[in-house]
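So the structure is just underneath, and the comments pick up after that.
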Amino acid sequence: MVDFTRSPRELELEERTQRFIREVVIPYESDPRLAHGISDEIVREMRAKARAAGLLALQAPREWGGAGLDHRETATLLRAAGYSLLGPLAMNCAAPDEGNIHLLDRVASPAQKERFLRPLAAGEIRSSFFMTEPDGGAGSDPDMMRTTAERDGDHWVINGRKWFITGVDGAGFGIIMARTGEHATLFLTPLPAPGITIERVMHTADEMTPGGHGVVRIENLRLHESSILGAVHEGFRYAQVRLAPARLTHCMRWWGAAKRAHDIATAYAVSRQAFGKALIDHEGVGFMLARNEVDLRQTQLMIDYVAWTLDQGSKASTDSSMAKYSVSETLFQIVDRCVQVLGGRGIVDETQVSRIWREIRAFRVYDGPSEVHLYSLARRLKRNAARS
Amino acid sequence: MVDFTRSPRELELEERTQRFIREVVIPYESDPRLAHGISDEIVREMRAKARAAGLLALQAPREWGGAGLDHRETATLLRAAGYSLLGPLAMNCAAPDEGNIHLLDRVASPAQKERFLRPLAAGEIRSSFFMTEPDGGAGSDPDMMRTTAERDGDHWVINGRKWFITGVDGAGFGIIMARTGEHATLFLTPLPAPGITIERVMHTADEMTPGGHGVVRIENLRLHESSILGAVHEGFRYAQVRLAPARLTHCMRWWGAAKRAHDIATAYAVSRQAFGKALIDHEGVGFMLARNEVDLRQTQLMIDYVAWTLDQGSKASTDSSMAKYSVSETLFQIVDRCVQVLGGRGIVDETQVSRIWREIRAFRVYDGPSEVHLYSLARRLKRNAARS
Amino acid sequence: MVDFTRSPRELELEERTQRFIREVVIPYESDPRLAHGISDEIVREMRAKARAAGLLALQAPREWGGAGLDHRETATLLRAAGYSLLGPLAMNCAAPDEGNIHLLDRVASPAQKERFLRPLAAGEIRSSFFMTEPDGGAGSDPDMMRTTAERDGDHWVINGRKWFITGVDGAGFGIIMARTGEHATLFLTPLPAPGITIERVMHTADEMTPGGHGVVRIENLRLHESSILGAVHEGFRYAQVRLAPARLTHCMRWWGAAKRAHDIATAYAVSRQAFGKALIDHEGVGFMLARNEVDLRQTQLMIDYVAWTLDQGSKASTDSSMAKYSVSETLFQIVDRCVQVLGGRGIVDETQVSRIWREIRAFRVYDGPSEVHLYSLARRLKRNAARS
Amino acid sequence: MVDFTRSPRELELEERTQRFIREVVIPYESDPRLAHGISDEIVREMRAKARAAGLLALQAPREWGGAGLDHRETATLLRAAGYSLLGPLAMNCAAPDEGNIHLLDRVASPAQKERFLRPLAAGEIRSSFFMTEPDGGAGSDPDMMRTTAERDGDHWVINGRKWFITGVDGAGFGIIMARTGEHATLFLTPLPAPGITIERVMHTADEMTPGGHGVVRIENLRLHESSILGAVHEGFRYAQVRLAPARLTHCMRWWGAAKRAHDIATAYAVSRQAFGKALIDHEGVGFMLARNEVDLRQTQLMIDYVAWTLDQGSKASTDSSMAKYSVSETLFQIVDRCVQVLGGRGIVDETQVSRIWREIRAFRVYDGPSEVHLYSLARRLKRNAARS
């Protein structure tokens, strides 16, 4: 029977996370050290406090220090964590590390887990996922991958260029996707590594990602075959293993950020006067906030539904496509309305809203732009229609 | 724990209803007798078959022949019934009877139940709800009600005008809302009745409602005080008792109709060629259908959520406002896209889509236009913000 | 220099048309004979009055009784005429006759003009254009045409099926498009004709078109080669000659209808009270009407611009695509908002708004659905980008 | 007669500006000195080149070195200048100086013009307009102004706080709006001035404004009565004199920026492959670009129309409201689509699109957020409806 009751454990987790965000993380938002973007120093400080509060990487399996949450509980956790843009970093449930933890847990060898997963889940190091390529290489269409790995005895030699490599500067290791003939294979490499050069860090509106987004040149990177993550030639499949839940955790975190923007806009609309009454009493404003309420509910329901699907053991590739598309588009509209409600205040960094607005835009693009998800939804619809 | 599993009973009910709609009801859609709109004769025929199939008024309490469904099970039932515009009529779960059954079950006296509710639930008679008024009277704002009831000994005398009175022509009884001083009171009257004149039936795109939508004059209608439904002066409150679930059952039925339109449009897009390939392979078409898939999921989740809220005993007035607003706007967009996919075929009655499109428009207006729901959502948001 | 000044002649024409519509045509809207749709009898009556007022087919060339207007003056005339759905019929500037007058004037032989064009422009007969086909034939993609014309001595024999043939029942002649090998050719035929059978008139929401929209079977229709309109094999090109201006005259007429809906909604919003003030003082309503004002201005500018382009001698195929797409989508939104402002009144035929709403929907579909125009705009953009 | 022909002078001006932007200004966009935002040094360099090219402040009256353009010619000039975010700065037609030039030309005394307007129009100094206030003061509703000016003999003493004061840091003078009893008055002050403190420069996504957006404290600023701009108590009226054309010049400049984004996105969509064909051949992408084409045309028409209205001597307060609302909302959508077409590339500063996207957001907020314009459009509609 359809049921929306939350367990006491989930409610307790939510309440504790909300308090931690409010009391510990939000004060960091006005830390003057953030003027030039987030640094590993601040991340370390916040993580120490999260660890003390028992809130570090709870989404990870118990074996790696987590709480053994299912996807629905993870949704509750990450929505609460996302209420501050710093929250997921503080609690070690931010991208790309959170997705990499999930992937390593699923496919890494015991030795790889000890070496890479353990310190990653413990929040001691950061990681990177090398997939997207410049110069007409792999983007939304992975078949266009140009980076290659060639076997040389019991080693592999990798060459290529990657970009949008989130967090690469300062990362402790990376997962590299490279073409191996018709297929693709994932490789683990410690970082920094000879053969891997960060050409530059891309300039972006997103200043809340330690290590930024790098452009990387890989020249004759030589890795032993024990560096292969999972099986050879299974790279595209593993990318899917990582992708479906990763799409959903993005939805969860950004939901929290949109809720934050909405709360700020609502508080402003209640207190600010114009043309003889409170802003919120102007329907032009009140209706925008009412739409936000509806949209926050809708997106929460969609997230919970797909999380449940994953918990049933489904790969949920269609459902997570649907969620990624609709949640990203809808949350963006919520935050955009908040900017509008705040007026001038919404476009300057007097509140978190302008920052959330700038950063959430990327969510409609990464892990497949909305159009790619609509494309695959339409193709699946055609297949199903043909079958029926 | 959030759970979307459906019970075997629910799945069986859904499957049985779908089969009944497909095999029994849909063939009626091309009955030539429908050329001039639906008649009570056709309704009677279909109901006999629904009764035989054990599918009549299942949403009603067991006492009145129903299956004792909760709101979530009702959602499953009504979505399946709505797949044909004739389905809810056939299965006696259409407006306004379905809402009147619910209301009478909650507040009528035992004698009133025997007299009015029993034959109504059995599908033997139809009913009407007299609320909306012309000439600047009660519409979205019930405070503007002009119809009055004045006490005269142990009787009441009612005067006023009402319009948009769905199903009034041919109804067996009516529920009249009238002002009693500062308050309002509901009265039950058999129909036809001396003092109640149907001035005319309004011309509308909706031809699937037996009895149409009437303009009614009430002149010195004299009713014994035993005709009061529930307690005197409680009319506004009872209207809410009826309204929140009624809004949601509208959402359920129209969801089914939108799904029907989507299935028709999808089948067409898969088979029809243009510019060298199937329509659905044109992203301009495929994306519209993909958006429909997303929107059908979203609206289903919203309906289930609010149904669950009602099942928890909540009055759900805010939640049902939210559902009414978002579901009606979204379903309309779905059907509008279906028209567009069908092109010329979408604007003529070659399929059910043109009819669904014309009729579903009203859904964004009745039981409170979208703007009234946004208005009350914004006011509630303000109250909550003030409290926090 | 860009200039929006209107000439005195244009202003006089507009004022005179507006008065005619207001005083003569609008009263016909409540003629009880319209209950079953428009008849040729009513059209004849109205046309007699238009003729007397010097307002019949003014958009036609002087030679055929018109005023020799250019496209910009025609825009002014047709916007004013469209203010009533009956206006273009009364003034003989409705589809499909208006487009057929234009086409015949451009490509017919002197004898054809005398026989067909003269009585058509004089408002004595009606005409039809046979292009669209059922069963997977020609629709948005004319290459799929299945109706064929085969030469037989100095005659041609035509076979095929057509549908959506507007006005065919009762028309005095038809223009038939048929495949002639790789090409297409246009033929003129008097109606009724042996070999042409109206299988049925399609059921549609549009009741303001005399003759309705027919499904037609053409069996061994035998026409002398003098029946060819213009040159053989030039049918696709002539269809374009007809299409670009015809798309624009649709925009003009529907602009008038949308303006009417807006005026009705505005008058209601000013006078109707709800929740303590006039509807228009609720921003939720006032903003919808304000958006209408903006959209009416935008669409008027687009129409005038493309009319000017045509007046410069351009074929304006891209510009008229752009106008058809944007004007039809925008006008629909205007009328949809009017329905919403009127609430219950907007969905019943108490005003003209519900009727305009139902009928204007087709405008987004005929003469190329919006998606076909976007498709050709994108292709042209690509060609231009490749050139630059 | 409506006419869209452009004069040879206008076409020459457009062509010359386009070449200047392309050859001189666009190369500056990759000047490494821009890493920390625009500086007066770069502005000076670019202006020297604009002066040499005869393209400095051409929108100004001839007396001040301009070309005596009317509003329609100015539209052509500013659209071309806006093609680079640096263009209006280079050509001295950027906000707020361009609006201040216009205002001073209209209402300043001869002495004030010599002292302030001459060097401003010559591009030698910058200026500021002090209107918006923090702490619940004047924003969209000017009646809430808190800054006061009190007469003291032949001097006035001003106190208050202002924010969002564009360009204040480094400006040569400022125009201060202050309350004088029931009214408001404008004052001219050289900058820096004792009594005026820049508390801080606000942090914003807009890095292309020399001097940024300041928060300013005014304490006992003492100005001689000859500092009054125009007449005492006429401040609100003068603000309107400045506002209507200033709203429109914003539209013009941002139109150019949106066109730039569209050209970049189109070039990318033509050259980039995905899923087996060029991006633009995917309708999902091609339709977005086609919509851009339509929207660029629509906004250009609206700008030209309102410019013509101003040229007729109208104050155009309603028309400029309409233009500000619709053009800002539409251009934002254009640029947002460009980001989406570019995918990952659209959210990093690899092209100008991400920057244009961030900066154009403010346009929907300043000079009255969209909602304020809808509000005043609705009120005017009500007044007009009442009159008719």
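Residue numbering begins at 1 within each chain, and the chains themselves are lettered A, B, C and D in the order written.
What we mean here is this: a contact is a pair of C-beta atoms (placed from the backbone, for glycine too) under 8 Å apart; a residue touches a chain by one contact, two chains touch by 3 or more.
Values in this document were obtained by computation on a predicted structure and should not be read as measured data.
**Student:** Quick check: more C-beta contact pairs at A-C or at B-C?
**Tutor:** Per the contact counts, B-C leads.
**Student:** Which one of the chains is farthest from chain C, going by Cα centres?
**Tutor:** Relative to chain C, the chain whose C-alpha centre sits farthest away is A.
**Student:** So what's the Cα centroid distance for chain C and chain D, whole Å?
**Tutor:** 42
**Student:** If you average the CA atoms of chain B and of chain C, how far apart do the two points sit, in angstrom?
**Tutor:** That pair's centroid distance is 37 Å.
**Student:** Compute the distance, rounded to whole Å, between the mean C-alpha positions of chain A and chain C.
**Tutor:** Centre separation, chain A to chain C: 52 Å.
**Student:** Can you tell me which residues of chain B touch two or more of the remaining chains?
**Tutor:** Residues 282-284, 287, 371, 374-375 of chain B each touch two or more of the other chains.
**Student:** How about chain B: which of its residues touch chain C in the complex?
**Tutor:** 132, 136, 139-141, 144, 163-164, 202-206, 213, 272-275, 282, 284-285, 339-340, 343-344, 346-350, 354, 357-358, 361-362, 364-366, 369-371, 374-375
**Student:** Which bits of chain B are touching chain A when the two form their complex?
**Tutor:** Residues in contact with chain A: 1-7, 10, 72, 266-267, 270, 278, 280-281, 283, 286-287, 289-291, 293-294, 297-298, 301-302, 304-305, 307-309, 322, 325-326, 371, 373-375, 377-379, 381-382, 385-386.
**Student:** Sort out for me which residues of chain A touch chain C in the complex.
**Tutor:** Spelled out, the residues of chain A in touch with chain C are 282-284, 287.
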